Amino acid sequence: MKASSNLQRVLDSGHFAVTAEIGPPKGANPDVLRKHARNMKGYADAFNLTDNQTAVVRLSSWASSLVCLQEGIEPVMQMACRDRNRIAIQSDALGASALGVRNVLCLTGDHQIFGNQKEAKNVYDLDSIQELMVLRSMRDEGKTWGGDALDSAPQLYLGAVENPFGDPFEFRVPRLAKKVAAGADFVQTQSIYDMERFEKFMDEVRDRGIDRKVHILAGVLPLKSAKVALYMKNKVSGMSVPDSIIERMKNATDAKAEGIKLCVETIDHLKQVKGVHGVHIMAVAWEEKVPEIVREAGLCPRPTIVESVQ
Amino acid sequence: MTEKSPPAHGPIGSPEGVGVFICSCGGIISRKIDLQRLRALAAAYPNVRDVVSFDQCCQGPAMGEIRLSLMAGDIDRFVVVGCSARTASDRFEQLAESAGICPDLVTFSNLLDLCAAYSKPEAQSKAEHMLRTSLKRSTMLQITPRSEEERLMTVLVIGNGPSAITASRSLLDEGLSVVVVNPTQRLEESDHQSVIPLEGGALEQMTKAAGDRFRVLDGTEVLSFTGHPGHFLVTVSKGREKWEEASGAIIIALDKVGSEGLMSSYLPGTITQEELEAKLKALEKLPKNIVMVAMDEDETAERSPMSTHDAVHHSMHAKGLSSSSSVTVIAREFYAFGQCEVGYRKAQEMGVRFIRSEKIPAVDEGSLIVNDIHTGYDIRIPADMIVIDNRTQSFGTKKVAKAFSLPLAVDGTMARANPKSRPVATHLPGIFLCGSASEMNLGAGPTMSAKAAASRAASLLHSRIMSGGNVAEVDPKRCSSCMTCVRTCPFHAPRIGKEGKAEVDIALCQGCGMCAASCPSKAIQVYSWRDDQIIAEISSVLEDEGQ
Amino acid sequence: MRIIGFVCRDSALPAVEHAASKEDPYPSFITLVEMPCTGRVDVVHILRAFREGADAVFVAGCLEGNCKYQYGNIEARKRVTLTKSLLQAAGLEPERLEMFNLASNQGWRFPEIVQEMVSRVERLGPNPIGKVKT
Amino acid sequence: MIIAEQKPLDFVIETLDEHKNVLVVGCRSCVAVCLAGGEKEAGILKESLHLHSDLTGKGWNIEEITLERACEKEWVREMASAMEGKDAVVSLACGVGAQVIHEMYPSVLMVPGVNTVSMGAPDEQGIYMEKCAGCGDCVLHLTGGICPVARCSKSLMNGPCGGSQKGKCEIDPDTPCGWDLIYRSLKEQGRLDLMDVLIPPKNWRLSRSGGPRKTVRKEAVQTPEEKRIGGASQ
């Protein structure tokens, strides 16, 4: 079992990293998950397993992470604050570490109103920033948040998310800075279509030197159709989709091919943005396209970095 | 000098004695209804002391007899069985007062309108039912609080132009003092709204003649007000300075000022109605083809009667000045009210052409292309001079409306209480409205409404101002100080008093009862319309009907 | 049949008086309760009228925008709507209650109102409370 | 104040079921002010129940009373005589008042006539917004006078989530984003530096999570002697 995360080694060695998202199935059968894992193996440095994303019940992110480990790919276990209090968060982090999960992504989580359990009682004992603080203190100080010493500390590479398109816009970079201060080692962003606004965001990130303290992986989400693009623009809060992109999807003869092309172009562009250390591909319900995107974007093969002897 | 009245929250007292005066209304009522039986019914009713029927209750001899009966001492209330309260209340309430009886203890049973048209047996049973209901209601009534308000013989006029001057002059003629709060630096004497100007120097003459009865506060604004008819306190400011002006009534007499072409798309050389007016006054030579476009570029804009008014009057004057000129008026619709209607006809007789069009006419080489609404055809009209509407601005209307919590109409002008029946009143008693900044001026020009407003204010202050009657009263023990009444009342009568409980200012209360119906703690009752009274009345009418 | 009408004294009552003084008076089983303004009418008053056996109740105020007290009739409309839902829950058809707006010079509208309420009662039958009580 | 809203009449009718002798209890405090359960509403409920009973021949005996404050025993005692012979109480007082009433009259059925919703204030007549969540550890001095616990849908402590859009919360376009309000307020006050401070996990023990909270004001607690002699003994 590896002691450190592959993602960390790729990022720390200065390579342009690739992560990809896998949505766990809405059921107890892990076969789809295994199929995705086999199909995507070698096309990304680590794979995010979402945690009941949009508050829809799915196979749990820790179990999905284990399936990935069994299939020989590295998981990034997502852990939302919506469903767990600090006891469960700490306990799950210990369990994940014990079984070889090395990357944990801390996020607040979509409100349950968007999901299929609208009447649920949410938890939000911690927010994502506090979750980072708690997990870092476990890893670095070997203590639970309550102050008790752990007999062995978890080995975790801590991730956070950031949406450069949320409001108030002036607070997005300071908020990222808070996440970094709280313990984020890497950050994955919301999917980027509005390059102008993202570059403005990155300018400020560099001005404040945050890009030197944290690895930023820019999010991309390949569009299947103009309808999806419109949905993202109008229904997904905190999302900025310029009209030019919607027009381009509308006018395309083969919308799916156009979506992939657009995604690859975006990655090409992102590679040039200073301070962006990788991309995070969220091919929602379209995971089979990840290898193609990575290939087309010229990000193959993925580097193998040998773990340095401690 | 409030008369002693039992609280509206206490138990309903028992009447000393009820008088019942039955009118045959010159035979109209008695034709269908057996008054003898009504008399018997009334006489048998508890607490009824005196029952008399007359041929005409409201005539001198009957009134005299009723008065004597009331003065006899054992009657503290009475029922007039005859016609409607609207017809008879003034007369009988006065009579009650002169006999020392609270006028709110007079009940009217309107057999004339509500019974007399039925067939005989039905009319009789209906009349008996109504009489029982009225007797029931009468016995439940209680003396209401009443007081005469002090009257300050000063009127505060808020205005900037001819309306304020006209109103002030009328008020001064009535022997009242006037304070003008003028938001501009100088009162505007000329009247943009009519061809006939005020006589020059009118303001100066007035100021001289009135002496200290007339003060004009230039460059001032109103911030807020308190008080009621007879005694208002208005907070006025000038720059940072703030003070209160006391007055018995208030007239808002703001005029519209300023002008600017409506039709930005028209060529330079187009003039406004106001500019035309100046040319007409100066007897300037007019060109051959004059076209007035009395419309706003914004199709959804309120269609102003002033627009028609100006066009009608100026087209007549233009035709009079230069009979060889051809004058055409184009508008979406013509609103000719009052005198303007006469002018509209006269202008047509003089040869002015009126064309209705939905579309703004296009300019084409010295002509206008008009789409005639009736035929749908485009008509080419030569135009040497194009005249468009004035764009006028209401001066400080919003601020004043805010200071008095008065609603604004859709077009941003101040709304009147009722354009038909109360055209120069706001819904707040003692506060009147005139001037071109108030809702549409119906062609009579602002002078007319200013005179009307002044006359309303003067007649208010020249007669006794009685407050009270069927007003709302708060039971402080029940009041939760929730502010519901304060927020609900359109007249600002309730407020939270020193004790932290709501209090109703009876000088402001109009007795509508909205506060009583909305009070969540049932802490408000209205005299003569207490909840227990209403419920008892409901029960009694239904019980009676059920028999 | 027993129908009770809460009428505002500034518009609905004069309208009724005007209508009734013509040849065609309204049925004598309709009884009116005069109110200073329909804004004074409260939910309990209406409920009590039904409890006392009214087959139908109507509230008649001024035209909206024309209330002497600015918005008493609008307050009344809101309360009538609320009361209808209470009637429904209590077990009485909400159609037995209605709000009308008419101006003082619209006497001709009153027979229409009467006809409307009478036909509703004819359709729904008498207020069952009468039967239960006896 | 406490904001409540009425339960539907059908619920009250169903819940009363076979209970015939009913006292409707209003309260002149918060529920009166938020127009859910004052004397007016108690009167309407009584009248409605009465109408239902008359229509169905259930023969209910219904009375009403409105207390000054249903959350204090001394006031609740004032309904003692009205309670004689009653087998059910419909409380229009908030959940607090309802329970105090129950404590005083434990043998009768308690039917809640309102849902107690929040601690809030009227935005305008008839519209009430939650303002406080009673977390037991107020941070308003750090958050520009606006509570993140009550007014952020996720009770976040370190700034808005990614769903804050144009000042609105992602869960509902009518709900203002609490953190957007906080941000603006701090900006206005020139205290934006507070937004950068990392707020560690909150002590929820002081909130409801710590179990029913007992608040003790030491100086006010009466000694046994004071209780014996003073008004509390009556």
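The letters A, B, C and D name the chains in turn, as written, and every chain counts its residues from 1.
One rule holds in what follows: a contact is a pair of C-beta atoms (placed from the backbone, for glycine too) under 8 Å apart; a residue touches a chain by one contact, two chains touch by 3 or more.
Quick caveat: nothing in here was measured; it's all calculated off a predicted structure.
Chain closest to the overall centre, judged by the mean of its C-alpha atoms against the mean of all protein C-alpha atoms: D. Chain pairs B-D and C-D differ in how many C-beta pairs are in contact, and the one with more is C-D.
Separating the CA-averaged centres of subunit B and subunit D is a span of 45 Å.
Rounded to a whole number, the gap between the C-alpha centres of subunit A and subunit C is 65 angstrom. Subunit A and subunit B have centres, each the mean of its CA atoms, that are 69 Å apart.
Our note on geometry: subunit C versus subunit D, Cα centroid distance of 37 Å, whole angstroms.
Counting only residues that touch two or more partner chains, subunit C has 42, 44, 48. Contacts with at least two other chains are made by residues 40, 43 of subunit D.
For subunit B, the set of residues touching two or more other chains reads 488. The set of touching chain pairs reads A-D, B-C, B-D, C-D, using the touch definition from the header. Across the complex, subunit C is touched by residues 84-86, 110, 112-118, 122, 125-126, 129, 133, 407, 418, 427, 470, 488, 490-491, 510-514, 516-518, 526, 529, 531, 534-535, 537-539, 541-543, 545-546 of subunit B. Subunit D contributes residues 28-29, 32-33, 35, 38-41, 43, 66, 125 to its touches with subunit B in the complex.
On the side of subunit C, the complex with subunit D involves touching residues 42-44, 47-48, 50-51, 85-87, 89-92, 128-129, 132-133. By the touch criterion stated above, subunit B contacts subunit D in their complex at residues 478, 480, 482, 484, 487-488, 519-523.
Interface residues of subunit A facing subunit D in the complex, by the touch rule stated above, are 81-82, 86, 108, 110-111, 113-114, 122, 124-130, 133-134, 145, 161-163, 165-168, 171, 174-175, 177-178, 181-182, 190, 237-238.
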